[in-house]
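Please find the structures below.
In the two complexes below, chain A is the common chain; its partner is chain B in one and chain C in the other.
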Partner chain A sequence: MTTESHGNRLDPHLARYAQRTHSMTASEIRSLFAVASRPEVVSLAGGMPNIAALSMDVVSRSVTEMLAKRGQVALQYGSGNGDPRLREQICDIVALQGITTHPDDVVVTVGSQMALDLVTRIFCDPGDVIVAEAPSYVGALGVFRAYQVGVEHVAMDEHGLEPTALRERLETLAAQGRTPKFVYTIPTFHNPAGLSQPQQRRAEILQICQSAGVLVIEDDPYGLLGFEGSIPEAIRAHDSDGVIYLGSFSKTFAAGLRVGWAVAPHGVREKLTLAAEAAVLCPPAYSQLTISTYLETQPWMDQVKTFREVYRERRDAALESLAQFMPAGTTWTRPDGGFYVWVTLPDGIDATSMLPRAVTARVAYVPGTAFYIDGQGRQNLRISYCFPTPDAIREGVRRLGGVLEEELELLNTFGTTAGPAGSAPTDQAAAPGPQTL
Partner chain B sequence: MTTESHGNRLDPHLARYAQRTHSMTASEIRSLFAVASRPEVVSLAGGMPNIAALSMDVVSRSVTEMLAKRGQVALQYGSGNGDPRLREQICDIVALQGITTHPDDVVVTVGSQMALDLVTRIFCDPGDVIVAEAPSYVGALGVFRAYQVGVEHVAMDEHGLEPTALRERLETLAAQGRTPKFVYTIPTFHNPAGLSQPQQRRAEILQICQSAGVLVIEDDPYGLLGFEGSIPEAIRAHDSDGVIYLGSFSKTFAAGLRVGWAVAPHGVREKLTLAAEAAVLCPPAYSQLTISTYLETQPWMDQVKTFREVYRERRDAALESLAQFMPAGTTWTRPDGGFYVWVTLPDGIDATSMLPRAVTARVAYVPGTAFYIDGQGRQNLRISYCFPTPDAIREGVRRLGGVLEEELELLNTFGTTAGPAGSAPTDQAAAPGPQTL
Partner chain C sequence: MNADQQASEMTTLRVVVLAGGLSHERDVSVRSGRRIAEALRGEGLEVLELDMDAALVPTLRTERPDAVFPVLHGAAGEDGAIRDLLDLLDLPYVGSAPAESRLTYDKPLAKAALRRAGIETPGSVVLPHAAFRELGAAEVLRAVEEKLNLPVVVKPAKGGSALGVSIVRDAAELPGAMVACFSYGDTALIEQYVAGTEVAISVIDIGEGPVALPPVEIVPDGAFYDYTARYTAGLTEFFTPARLAAETITAVTEAALTAHRVLGLQGLSRTDVIVQPHAGVKYLETNVAPGMTETSLLPQALEAAGLDLGATCAALVRQAISTARGVAGQ
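Showing the complex of A and B:
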């Protein structure tokens, strides 16, 4: 039973809601994740950063110094587009990915989720269409759905968003008289696919979008968290007018401060700022100035290197145990950075209907269907290796392997798995919960 | 020249924007406020809380203790509806205003501005209508405009929103087949009017809305900041199903943490949470836990009493100097709490066109037009006494008196004031800036 049908019976305000509200539904898998948060369950579901790798003393010293020096500013209302000093520092950070910009073109937001919300708010009317990779970030799909925007999925290959498929989709849409408001892409350490676009691929995608006159929204929360040493160049590095770049401190510092940003062309950032002021007046100065002081007084790039090592060790544990425990016919991606491995199950296995049995076996994941708008992904699941210890990851993958072996046995014996398809939970583009980030 | 017409010529993305974006315009008076932020100008414009009255040591101790005890939670993603412990504490706070509720029915937001945005998002389609006092909070008008919602202003008398006018307006709308999605009201220490509804008035307004089947949105950022000792009872105290109550820590603790809340009926708070997750994933745990620890470990009600004294002293300075310096024919409200005095100028004086001359005379205010959707308020201005020192307030009001005397002299001599009406800046429901909170 979904919250929506629940509401139909019990909520006396139902007739009052806006049309967009009827598309906001709670995910059925949430109740499963409530069970999955029990300590005996290994959760490979959540995309929570590994905050334990950050020294609490360093954070404490940063905020104490910040309050002593800039407390009156930190506790007060600030600019709708963010603290000027932090916007300068963001310019220095994005320069690491080849982006040249000016602090005036940076809009600080309450996490990059809010940047996504504002971009969609200023560009998209109900019924508009955007293009996104398949699979795509569940939180972005939740935003598009909340604004009643249609999503056209374009396939990925092992190098990410596939240029030929993108060109053809844009041409088909153009032939229908429909121009997408933007192409939404995560080129680096993709959530959930665990893939990165090589530079040549980025150039092709940009050229296709430029030719079609379509904006690119480049979502890049993991760009600095690569395991191979070099930092990939952003698409935004090659086009300052046609690309809106979204970044975040959630994975390089701490998610609980909720500080992200957009780098946007001049006219767009004015609209983003006006929309931000209507939405929240201003982002929290308290969080922004804490981060600004931390960046100024601490060796923050060393901390990023620590995070990389933490995640690399966990990525290795995930890949090794997948090789050890997955049954034949299972494939998965090999991420060079970020938080996620994308798993494709053997034919006939349904990751969505299998989830309750996995949770019973004390392992949780996010079924692939969460990352598509259209019901694709039943044969996929996402494994997050960011948060558990390497040993817990190995144990979780071992349990998952056991569940899969049982599923395959049922399939071979009865020609179907245990779950009746009709009652299987689905999570198609439901609102993002903290468990499915 | 507005930003909008500016954008028409220079912004290559103009054709891509959503319809709602064309109603998001920057206020022309913003550039004046940039001048007004020079130190020699006394600003009676901004609604910034007087943070200097809060001990920075107390804040610093609270955050240090919080990081030591709950740092791993503070730096991590949290629930979309806010920290469970803080929601319990909010229940205790709203109980001071007679509200009985449960932590599950509290949704923590990024300032109460975000609560306003989410309420409008879940209830209002483009073209819907809501009812609001005249004048009304500029930030609320900015939200309604951003969602393309029509605002029907209902007049106030000396006791706030006028019941007969409200009933008649609801009847007129009903006769047109239009049911407002809600009545938006600030019953206590109104921004900008400086008035409060007596209990009997609140009961009448609630009864009218209940009879008409219309929700009440009760916006209450100043409820604990009264100067007369007793805390007014909220409208929400008398109806838990028909009233959504909005509160904030911005004025009782610090605005820079951006923590507000909604208390909402069961079905509505589920929708608010889903909308919040799409908008920002979750409010900042870092801010929430700082406040939670502060409330738990510090005598926070003593701090509220300190704030009351700070604002009472400034209210007195404002009222005394208005009596001393305003020319005959000027009237103003006498607030028993909150931040604002609403001034009505002598016939023939236009507060909007006078503003540039006031800034030249080194005093700033917000013209009345900012607080109406429809161009009313030219004969009004809002004075904020919250932030300057009492001496600065007196000096600012003295300068304002001088400007008014000059305006009256021009009016008496030439039959008009100096400003050509055609080029007068307007600020009708433009996006709220920090200066016009």
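Showing the complex of A and C:
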């Protein structure tokens, strides 16, 4: 046996990591999501599209046809801004939301997550500030954090991002000599809030940003997934210079293909393309051509309608069971599309501290803190109704109701359900993994 | 090597590594399990990795492995349940028997057993959630403060990886710490906080009696060795062997061997203690399914002892088979 005594930190590369890497640590909260993946657990955490509603025969036919006709292209490198034909088709899709654009102004990316990464990369230096809704998409916050960008949260009301609060925040920042690089917003079927901005609200937000000279990043993965039939007009429809629009095939076709896009003013799109080439050379040709063939040969809008019905049925199950099982004092949003319900718990209940108890009861959700940069959201949680069956959703919400009853009893006993001071998870480690975005 | 062992060597041993489960420590267990499985494969054993789910019993019946290596952390893995099941199926397994696992997993019971054996352990009280509800939290917590004095450590009576554990230095933090604890289990162990050097001593028994490995000294960067510090390489500095005087090394080693013996453990265990300057060794807890991840303590102790993880795990498997045959032959 050795007798040498020396310290060991078990990672010989420790001194080499960049400063921004230091917040990437293991986390108790994140570890609990490992249990959520088990079939015994009703996971209301995962924002995974319901691929079961997609015909594998249809996909198979598209792939077969694509390989037969364009296999040599599909298995080769492609252009950095994406396949020309797919970019034309994307123009047709965004036209459904009132956007008129040219294929040259479309940059295809590896999911819209990459578009978000590229936008942040080309606009933001460490220490810059951006504005985002409170709460906001956890994957976006992860990108902003990775680029060491400060996030100024602006409150939402029942119609989404609140214009007065936005104006005041921009004025406050201006008074401090700080100009945000952009306002990041999800105007339609917001993740996690489940809210949509009415058209008048969108116009107001755009006008505020235009007046302040601030760019808008419009993230719109759920725009076609409304339950009421009409497709909301995008903010980008009213300003082609001041708005960068991000879209995705993940929710309308297949997330596994990892294809999204950015529609950007020509100067920006040149930078995005160069940044994309530096990152991945080109988006995957195989995925792009599969989607292009699918769009060309299949009634893809019928599939979107099928998805809407699938999600509407699940939304209804979630809302009905929330009404049945949630204790007094709990409130929640009523989404008209998309994947999520945002739940506000009774006063004093802490969704983060409650998660281990929920996992023990075999139900999982994402605590509200994941959707804020600064530890807010302890009284909130996000329920995703997109993936489980309606019966599983009802059972999951029933279990959650039982957990909340126990939590209320703890509150009654101890006068708090929050953990020790300072334990609010505010770093990257507290964010769930890719399957719970 | 006896005739049975020689016969075992002639054929490839088939081992099930059991990891995952539904406890809060699933993630850690999966990582530990993968590491053990790879180590055993490196020794030429045939390894099947199984999770603890509805398919487990039928698969074990069909596969009839030569042995099972349970690497399940938390309830079921450490409370004796899975070992009872393996006994029912007449399958040899690495590690301790059900009753002894159950005793060890229950921290207050294990502390009491060690106290009776003359090993010091921090003063503590054990209180279920119901006690606070029925008697009133304020009064109970006041009694706790009066008896133990702050700071105290609040932890679930059963559980691992420091989940639900808080160090409370201010009375105002006590209710929050209780809540955090009760999120992971219904009973809390509230222990006097002991300042000192945290040391983990692993014990291995591959048929020649329990042997203590070099003690590992744990120096976390943060306030204590919590979940993040345990599973993020770089956030904790380890010293193996611990930077302790020779007589203290002997004392912590004896404490771990005593725990292994008093608790009736087999195969492997890890005992955690605090060494106080000039005040001796205080026993904290013992684990019957120690972590085996890249940042876990037992693998570090093996390396410091010049022992190979794969060879040691394979020896534990052979010992489990040999012990089972011995029992069956009685």
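As a working rule, the second predicted complex is superposed on the first by the 405 of 437 C-alpha atoms of A that agree within 3 Å, B and C clash if a C-alpha of one lies under 4 Å from a C-alpha of the other, contacts with A are read in each partner's own complex, and residues count from 1 in each chain.
The criterion applied here is as follows: a contact is a pair of C-beta atoms (placed from the backbone, for glycine too) under 8 Å apart; a residue touches a chain by one contact, two chains touch by 3 or more.
As the structure is a computational prediction, the values presented were derived from the model and not from experiment.
Q: Is A:V110 touching anything from chain B or chain C once the two structures are fitted on A? First, second, both or neither.
A: first
Q: For A:A26, decide between first (touching chain B), second (touching chain C), both and neither.
A: It touches chain B and chain C both.
Q: With both complexes overlaid on chain A, does A:P283 touch chain B (first), chain C (second), both or neither?
A: Touch status of A:P283: first partner only.
Q: So in the superposed three-chain picture, is A:V63 touching just chain B, just chain C, both, or none of them (first/second/both/neither)?
A: first
Q: With both complexes superposed on chain A, which partner does A:Q303 reach: first (chain B), second (chain C), both or neither?
A: Touch status of A:Q303: no partner.
Q: Could you say whether A:A52 touches chain B, chain C, both of them, or neither, answering first, second, both or neither?
A: A:A52: touches chain B, not chain C.
Q: Decide which partner touches more residues of chain A, taking chain B and chain C as the two options.
A: B
Q: Once the structures are superposed on A, label A:D11 by its partner contacts, choosing first (chain B), second (chain C), both or neither.
A: After superposition on chain A, A:D11 lies in contact with both partners, chain B and chain C.
Q: By the touch definition at the top of the document, which applies to A:V73: first (chain B), second (chain C), both, or neither?
A: first
Q: Does any part of chain A touch chain B in one structure and chain C in the other, and if so which residues?
A: Common to the two interfaces on chain A: residues 3, 7, 10-11, 14, 25-26.
Q: Given the complex with chain C, which residues does chain A contribute to the contact?
A: By the definition above, chain A touches chain C via 1-3, 5-11, 14, 25-28, 31-32, 34-35, 38-41, 350, 353-357, 359-360, 362, 409-410, 412-421, 423, 429.
Q: Would you tell me which residues of chain B are touching chain A in their complex?
A: Listed in rising order, the residues are 3, 7, 10-14, 16-21, 24-26, 48-49, 51-52, 54, 56, 59-60, 63-64, 67-68, 71-80, 110-111, 113-114, 117, 121-125, 128, 139, 142-143, 145-146, 181, 215, 241, 250, 254-258, 265-268, 270-271, 274-275, 277-287, 290, 431-434, 437.
Q: Give the list of chain C residues in touch with chain A in this complex.
A: Chain C residues touching chain A: 20, 22-28, 30, 53, 129, 132-133, 137, 163-164, 166, 168, 173, 175-180, 182-184, 214, 219, 226-228, 230-243, 294-295, 300, 304-306.
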